[in-house]
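Below you'll find the structures, each written out as structure tokens.
Presented sequentially are two complexes of subunit A, the first with subunit B as partner and the second with subunit C.
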Partner chain A sequence: MISSIKQIPKHALLILLCAFAIFPLYWMVISSLKPLGEIFTPSMFPSAPTLENYTYAVNNVPIFRLTLNTLIIASVQTVAQLVSAVMAAYALTRWEFKGRGLIFTIFSLTWLVPMQAIMIPNYITITSLGLRNTMLGVILPFTASTFAILSLYSALKSFPKALIEAAVMDKLSEFSILTRIVLPNIKPAMVSLGILLFIHGWNEYLWAMLVNTRIDQAPIQIGLQQFLSLERNEWGALMAAATLSSIPIIALYLALQKMIINSFVKWGIK
Partner chain B sequence: MSNVTIQNVSKAFKEVTVLDTINLNIQDSSFTILLGPSGCGKSTLLRIIAGLETPDQGKVLCDNKDMTKVLPGDRNVAMVFQNYALYPHLTVYQNIEYGLKARKVKNPERTKLVTDAINMVRLEDQVKKLPAQMSGGQRQRVALARAIVKRPKIFLMDEPLSNLDAKLRNVMRYELTDLYSKLEATFLYVTHDQIEAMSMGTHIVIMNKGIIQQEGSPKAIYEDPDNLFVAGFIGSPPANILSFEGYDYSFAVRPEHMILHTTHEEHISIFGDIVSSEHLGYEAIYNIKTSIGNISVKTPNLWDNISNATVEVCIKMNKIMAFDHSGERIRDPQHHAYAISVFKQVILDRSEFLEGVV
Partner chain C sequence: MKKIVSFILVACLSLSLAACSSDSNDTANKPVKIAFYTYNYMAQQKDGVDKLIADFKKDNPDIDVEVVYVTSEEINTKIQADIAAGVEPDVIQVVFDALDFAQNNYGVQDLNELVDKTELEEHLKGFEPAALNVAKIDGKMLGLPYTFSTPVLFYNATLLEEAGLDPDTPPTTWEEVEKYALQIKEQTSNDGFLFGGYLLSDCFLQALIKSNGGSIMSSDRTTIQYGEQPAIEALSMLKNMVTNGAQPKITDSMQGVEAFSGGKLGMMLYTSALQASMIKAADEGGWELRTAKMPAFGDKPAVPVNTGSGLFICTKDKAKQEAAWKFIKYVTSDEGYTVITSMMGYPPLRPAIIEDERYLKKWAEENPLAGPNLEQLKIVTPWQSYPGNNWYQIEQLLMDASVKAVFTDADVAQTMQDAQNQAQSLMPKK
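Take a look at the complex of A and B:
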């Protein structure tokens, strides 16, 4: 009894934090259902819910195409990051070689460089490669992730050496050891890292906006931006499009809820 | 079946010398034990033979062919690891089969080899299990089968029983001896457990600080140690090492070569007080404080309540081993006789209770 009374302040705090987290989403959804005249009123429920914002949004911006683009960009980026990170982390943990410490330090240091600082050099590189306004141009600078390398480095560091040696004695090639012995046994770490990378890829906005202005190659975030202009902001349509674009990621979350929470706990980030 | 020759092998890790110019010939079809305290270099030597480590200098020859640069998978050796090192995501059957698949052994030969290996370690009813579902003893059998299936000329075993409980270790010792007689291969076995060494080995190599201290049959190692290290390492408890200030000699007597409070003919005897006793069943180990230092004595258990009692320790004269000031065994009979007379003199000088020497 006493312990449940003690729980009250804790739960009250958690409910409050939940409300903070959920309210913007709730506001997005109800705003998308409000008719044009009501959008700036603080009413918590639309007086006459309407889908006109949705029809307007769908008719003006290729939302489905853009969502598909985002899906492609986030997926390719995630796979590329996982592949490059696994190879780098495996090399760094498997062998003692000259310059290993230096390479590791350089990797770690690049994590400290803010994205904004390398945006312009990346922009110039992508432009001179002729990849502006392509999905590849959006993906390319993000095919390697320091975060992914360091995460897998620690996962592989604790991988039992005897298992690898047993595979060496079994005459497996180095590539087979990585793909058939190591990878199957770090699958949970790979999956949870993959989820984090995917969410990060899905939310990337700034770089995509900079390098890509062609609507058919752009991720959904660029589409949302179309409703904002100097003359007027079409909030209703923006909210409708935003609601639509968040459906896939919410669906993914519901499907993998447990794994996502585990991965957040595992890598110790929010 | 294969003999291995180690020539001048040295190895250091970050300037710490682990192996210092090792020369060793491991005989064909022997069950050779590398025995020594932890950090003596025995595991490193095994790993060099496996090819998992490269020696800083020296060669590993297998049937007179230089293997030093050959990859581990091509050396015709199989290794059993201390913590089994089974692939966690594969079943027992797949674990055993994996090395053959990597070597591109085709069916039906592959199936036959795997089945034979499984039968040999008696795991017929466990083949579909994952390693995590098995006990330590069963896992170690899988690890053995994984080695057996490759039909290697040399089996390398790195403390394979040290993760098992004492009872299971006894069973596995017996099974390993049995496998050795069936397989007709060379076994090279690393351990720090002298019971394993004595009970299974046909040949024992004792190492300390990266140097081979003595090699020979279990009998030779026990009865005829070359130096103080071996005398003080082998035996349970090991030989009493007695050295006296001002004298150049050291002496060793095994606890089992002394008897308590019996007639003292043919013995040199000394009185002492029992400090502690450890009952092992048939035998007991007594720690006795004497004028030449504390010594341990292993005798048939007296069971009597004799703690703190004064007893007479009789040392068998012909079992006293003498060593020179550098710790090497004195082999010359005259020198030995002289050293023993020194020993007697010391005891005479120090013991007012001396009953006499015959």
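Take a look at the complex of A and C:
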């Protein structure tokens, strides 16, 4: 009895923190249901809920198409980043070779270069490859991620060497060692890293905006931007579009809740 | 396997032959394609731009206009990136504060050299003469004004009445604005007035300083002047309103728009481009919206400075230049401005069409609130664009210094003079 009383403040605090975290989502949904006259009032429930904002948003921006684009871009990018990171990290930890330290240092240093600094040179390359206005153009420069390489490097560094040596003695090929011995053992790390990379890919805006000017190839972030301008924002429609486009990501979160929390704890909140 | 390979080869060959033959047939009447870089393509204005292009296409079937949509914040980055990547933009929409930069970096050309003089003069005849100056630098007509507006005093007539003020006589001077704002605050406990142009861009600040007889830069565009007495006095006036409670401590104009739209703010000086959504908010919120001209400093005339953008031709290709001129000429014609005004919310820069039944007469009767803005167009003063590559930092310095001067304890004169000195060091060296 006493111990459950002791739990009350702890639970109260957690409930408060949950409410704090959920509130922006709640506000997004109710704002999307408010008419223009009410949207700037602090009312917690729309007095006359309307779907007008949803109709307007869907009619003016191809939200479902753009959400699908984002899903494709973020998924392909995540898979590519994981594959390239596993290969790079495996090579760097598996063999002693000349220049290994140098390569690792170069990888680490590129992490310090801000995206804005390499955006224009990347754009010139993408344009010369004829990939302007394509999803591939958005994905290509992000097929390798330094963050992913460095994260997996530390995971593989602590991988027991004896296991790999045993596999070598069993005459397993390098590819088999990687896919049959190493990967199954670092699966939790891969999944949690994948989730972080996916969220990062999902939120990409500036590069996608630069490469894409055709709305049908653009990710949802460009679509949401269509309700914003320097002088006026269409909050109702923006909230409706944001609600619709966040459904897949919320569904994904609910399905992978435990893994996502673990990944944030493991890699730190980025 | 061999069969499959040979089938693919034959298919490729026939496809490429078909492509060649169709190319040679089409060369003669192949449409000229021009890329139009614009930021007025958000959800609320997209239909207007699509109509402009569709109507243009009816008379010009041999010209294809492709919209390249970029937000106003990113449009300069996009244009520069495309020029660097060798993708030449044909027609660009540039916000007037970047006019000098566009002239020197985007290959924008003087229309006097690009277009037949008589044809240009004929087209410019219908424009409000004051509006034509906004796209000029050193006498060069760099482009045509497109979507622009002026600072207008929006006010909530219902709140004014509640405060015991007469909504038929809105404030005309800054002294009156302060008096009205304090009365609104005292009688209705809502906020009185907000100057909506602290961080939007510096055009409102330019208008304020010029209205007090000053300037932000010398006429030869070599000396920054926003640290001089008229600027200091103008900002001290705004600071005083914050100190005595006539103005809330809101620097973000978007927050101001939200408060005003929600009926919680009596008056707001803001861009006329927002009128349509303000009308809607007032209708749904059950209060009456009205507009008045920008207030003046005592007897000095108010100097409204334009916000907004112009259309400029960048392409070096002769055929594209011709197509681009036809396009910007159409967009800024009587027909074009009818669409721009009625569907996109910007004032017609060709005043005659307001009286013309074929164009905007009906619209003007239905939109009496546009009156003050239309009157201000006659005396609009160009939004000055700072020279050199540091134009944006110089503009930002004025905005940041104004916020610091008005909303903190900092000394107004010192703050503005420091900003002026810093800005001067960023100006191009002769």
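Convention: the second predicted complex is superposed on the first by the 242 of 270 C-alpha atoms of A that agree within 3 Å, B and C clash if a C-alpha of one lies under 4 Å from a C-alpha of the other, contacts with A are read in each partner's own complex, and residues count from 1 in each chain.
By our rule, a residue touches a chain if its C-beta (ideal position, glycine included) is under 8 Å from a C-beta of that chain, and two chains touch if they have at least 3 such contacts.
Keep in mind it's a predicted model, so treat the numbers as computed, not measured.
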item: First, second, both or neither for A:I215, with subunit B first and subunit C second; value: second
item: Which superposed partner A:I181 touches (first subunit B, second subunit C, both, neither); value: first
item: Partner chain in contact with A:L163 - subunit B first, subunit C second, else both or neither; value: first
item: First (subunit B), second (subunit C), both or neither touched by A:A21; value: neither
item: Touched partner set for A:I8, first subunit B, second subunit C, both or neither; value: neither
item: Of subunit C and subunit B, partner touching more subunit A residues; value: C
item: Partner chain(s) touched by A:L172 [first = subunit B, second = subunit C, both, neither]; value: first
item: Partner chain in contact with A:L254 - subunit B first, subunit C second, else both or neither; value: neither
item: For the subunit A and subunit C complex, residues of the former touching the latter; value: 35-41, 56-57, 60-61, 119-120, 123-124, 127-128, 132, 206, 209-210, 213, 215, 225-234, 237
item: Residues on subunit A engaged by subunit B in the complex (per definition of touch); value: 160, 162-163, 165-172, 176, 181, 184-185
item: Subunit A contact footprint on subunit B (complex, rising order); value: 50, 52, 71-74, 77-79, 81-83, 85-89, 98-99, 102-103, 146
item: Residue ranges of subunit C touching subunit A (in the complex, touch as defined); value: 39, 41-44, 46, 67-74, 77-78, 80-82, 84-87, 200-201, 254, 257-259, 261-262, 264, 271, 273-274, 277, 280-281, 283-286, 307
